[in-house]
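Encoded as structure tokens, the structure appears first; notes follow it.
Naming follows writing order (A, B, C and D), and every chain is counted from residue 1.
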Amino acid sequence: MLEALKKEVCEANLELVKHGLVIFTWGNVSAIDRTSGLVVIKPSGVAYEQMKPEDMVVVDLDGHIVEGSLKPSSDTPTHLVLYKAFPAIGGVVHTHSTYATSWAQAGIDLPNIGTTHADYFSGPIPCTRDMSQAEVEGAYEEETGNVIVERFRKLNPEYIPGVLVKNHGPFSWGKDAHEAVHHAVVMEQVAKMAFVALTVNPRLSMNPYLIQKHFFRKHGPNAYYGQ
Amino acid sequence: MLEALKKEVCEANLELVKHGLVIFTWGNVSAIDRTSGLVVIKPSGVAYEQMKPEDMVVVDLDGHIVEGSLKPSSDTPTHLVLYKAFPAIGGVVHTHSTYATSWAQAGIDLPNIGTTHADYFSGPIPCTRDMSQAEVEGAYEEETGNVIVERFRKLNPEYIPGVLVKNHGPFSWGKDAHEAVHHAVVMEQVAKMAFVALTVNPRLSMNPYLIQKHFFRKHGPNAYYGQ
Amino acid sequence: MLEALKKEVCEANLELVKHGLVIFTWGNVSAIDRTSGLVVIKPSGVAYEQMKPEDMVVVDLDGHIVEGSLKPSSDTPTHLVLYKAFPAIGGVVHTHSTYATSWAQAGIDLPNIGTTHADYFSGPIPCTRDMSQAEVEGAYEEETGNVIVERFRKLNPEYIPGVLVKNHGPFSWGKDAHEAVHHAVVMEQVAKMAFVALTVNPRLSMNPYLIQKHFFRKHGPNAYYGQ
Amino acid sequence: MLEALKKEVCEANLELVKHGLVIFTWGNVSAIDRTSGLVVIKPSGVAYEQMKPEDMVVVDLDGHIVEGSLKPSSDTPTHLVLYKAFPAIGGVVHTHSTYATSWAQAGIDLPNIGTTHADYFSGPIPCTRDMSQAEVEGAYEEETGNVIVERFRKLNPEYIPGVLVKNHGPFSWGKDAHEAVHHAVVMEQVAKMAFVALTVNPRLSMNPYLIQKHFFRKHGPNAYYGQ
């Protein structure tokens, strides 16, 4: 079942390797079939070099395995919370990519200080709050999804397609698995550039209308841009 | 038409990939045929892996498409302003390369603190001013060219073959597309080294006569240098 | 003798190259056969490109060569001290990898500030004290092992599978040579991320219960995690 | 003539590329045949990808071309000064490698803060003084050699096989061209690690007896070390 989606999710996972976002088996990509409400996700602990579409695991939105002989990624509950809370998204990515994870460890929002960032995100990439001890010791992976959703209460996940989970790392999403990976690559790159830029000049700033211009020339009804 | 120039522009775009200056379809290179006043530029949104000379788009200096079935890069108006204002240049490059873009985000001139920099630029690499809301919300890409030209009012574009557009990224140019790419590589490298050097010693300096020596042993009538 | 272990140790040494942890002939991996008490270690000064399993040297725990025509790594005495003091470990790695070595040069414990770190280490990666002049001028490589063991007096080497030797570089270990290399890769990555994160926000912190959660979902009787 | 030495110098130049120390045609390696007093050096402006042993240029210690149809590297006079002043050296390398050049731009000695550094250099890697306007506008490349030699008045070039030329970049040397390249790689690596280490902890230090131990276990009559 869902053979095309399994192939897409497998390919998207391998793109993480190609873009240098993962080490070992770290990182995972999933995609949802909105018609059936089924999610295809990377299996747990399989090496990228030998990963095949048929290794992908199919789960329903409650996390029950519907197809697949391998265990789904341990981060599956976080992915499922995001699919349930953000109805417009079709793919989710989690990595421990170097610079985005460093910003997550820094525990502060990644400021929108350049057009590279504004081309994809209409504002800062938010960082979640500290999770409580009860959340961490309870259904931790699901609660990780919950603090992300809480952080987006006043934010549009289609305009801000990623988040930094505090002390942990980035999650990103998009209309499908490939776009979610694309956003993961962008987050890593803008995290690196913000690190360098703010080291060079801690007092830098960017005009809000420049952010708006860049975001809306690539998104929404008046989009016209392509490099 | 302009088959040789299309091939050159296509190759120059691929050099951006080879030198690690671009991700996805970011970045664009153009070249001008001064006899006909026609500009050859990368098409919009085409993947570098499959880019061919015949994909290049030919436009005139007013931005009208003269040949090509694809859309020219959205940054075309910026390139055209530069060709009109700087008559000695034959190629233009725009990238979001990591360190040069970080300096553009920092919003300050990239100081001339080493001979690597002085071998190619006779002074700091200037950063443009903040664009006004009217400029950003108007003919934005053309106005981007205009603020670059404004920044060069008292500067020689042949002696300073590149610029940092504030909060955006680097543009560079040269006598042809290949030299413009060459200067883009140099800007990225000197931006990285200036980041490291100034972190190590924020009070560093370089004597003006050393800058002059390095620039003029490679440029102008008394040039003699080759490594 | 110990042909399988020699093959494993040779492969583990080559993994150091693959993961970008070594330059030239720097770095060395060993493994112990606990039944015979014999240690297999990389020979001294052999280029990785031409290293073969039969080049590995077999020594006993007193450092006497039992088999092999080449000299064992000069760091052999350090490895042997660790095998004698930490009975649960089966492999040891030493590198001069860039970021872990930089932290060793900084001479401070590498703080546990992210889940990537906490997935493998239940606390900070400790840095050893300054060695005394007598230790350095005496049986230096053996004393290097001794200061590591001293640093672990109140630490569990199975929960903290690595150390920074002050002004020198990282040592890591694991149940076998491959796991020791795995930990060396993790140390390099978390050292890099801690550098970036602390530059961005020197006042960052991580809740102890989050560290515990991440460590124990991957280690001990209640482990359940796989990415 | 000197066919073996030309081959060695050509190979050593290509090692610069392999180790990521050069961009474009930057960087140059030479070696001297002490019997004849002739120096073999990289030609000026030849791309590394097409460089062949027969392209190498032979000059005497006064800089006269003895064999070769290409121009010798413009840095030749600096190399010659070093061969004349340091009789024990057989090879010289100049690069603009990223981190070593950044330290040269910072304009301060690269402190000896780790055993990786101490394995090859018995003290800090010195930085030359500012060159005077007369020196820069005179026989500049030769004067570059002179300020290096001046900086080594109280230093042993066999114990400190490299230097940072202020605002310019590193020069290194060794008993032959390959060892000079080896030292160039080490300088780049220790420059990178010192940048990271000092950013993490600006007050770090290293005991002099540890420096001595590491240097002399690899050099001089009592050397015994190999990794």
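Worth pointing out:
Methods note: contacts are C-beta pairs under 8 Å (C-beta built on N, C-alpha and C of every residue); 3 or more make two chains touch, one makes a residue touch a chain.
Per UniProt, the chains are A, B, C, D = L-ribulose-5-phosphate 4-epimerase.
Just so we're clear, the structure is a prediction, and the values are computed from it rather than from any experiment.
In this entry, chain C maps onto chain D through a rotation of 90 degrees when their C-alpha atoms are superposed, rounded to the nearest 5. Under half of the residue numbers at the interface between copies chain B and chain D are found on both sides, making the touching surfaces mostly different.
Centre-to-centre separation between chain A and chain C, using Cα means, comes to 32 Å. One simple way to say how far apart two chains are is to compare their mean CA positions; for chain B and chain C this gives 46 Å.
Multi-chain contact residues of chain A (touching two or more other chains): 198-199.
If you sketch which chains touch which, the chains form one closed loop in which each chain touches exactly two neighbours. Of all residues in chain C, only 19, 113-116, 182, 185, 189, 192-194, 196-201, 204-207, 209-210, 213, 217, 224-227 touch chain A in the complex they form.
Put simply, chain A touches chain C in their complex at residues 23-28, 44-45, 71, 73-75, 96, 98-99, 101-108, 130-131, 133, 136-137, 140, 167-169, 195, 198-199.
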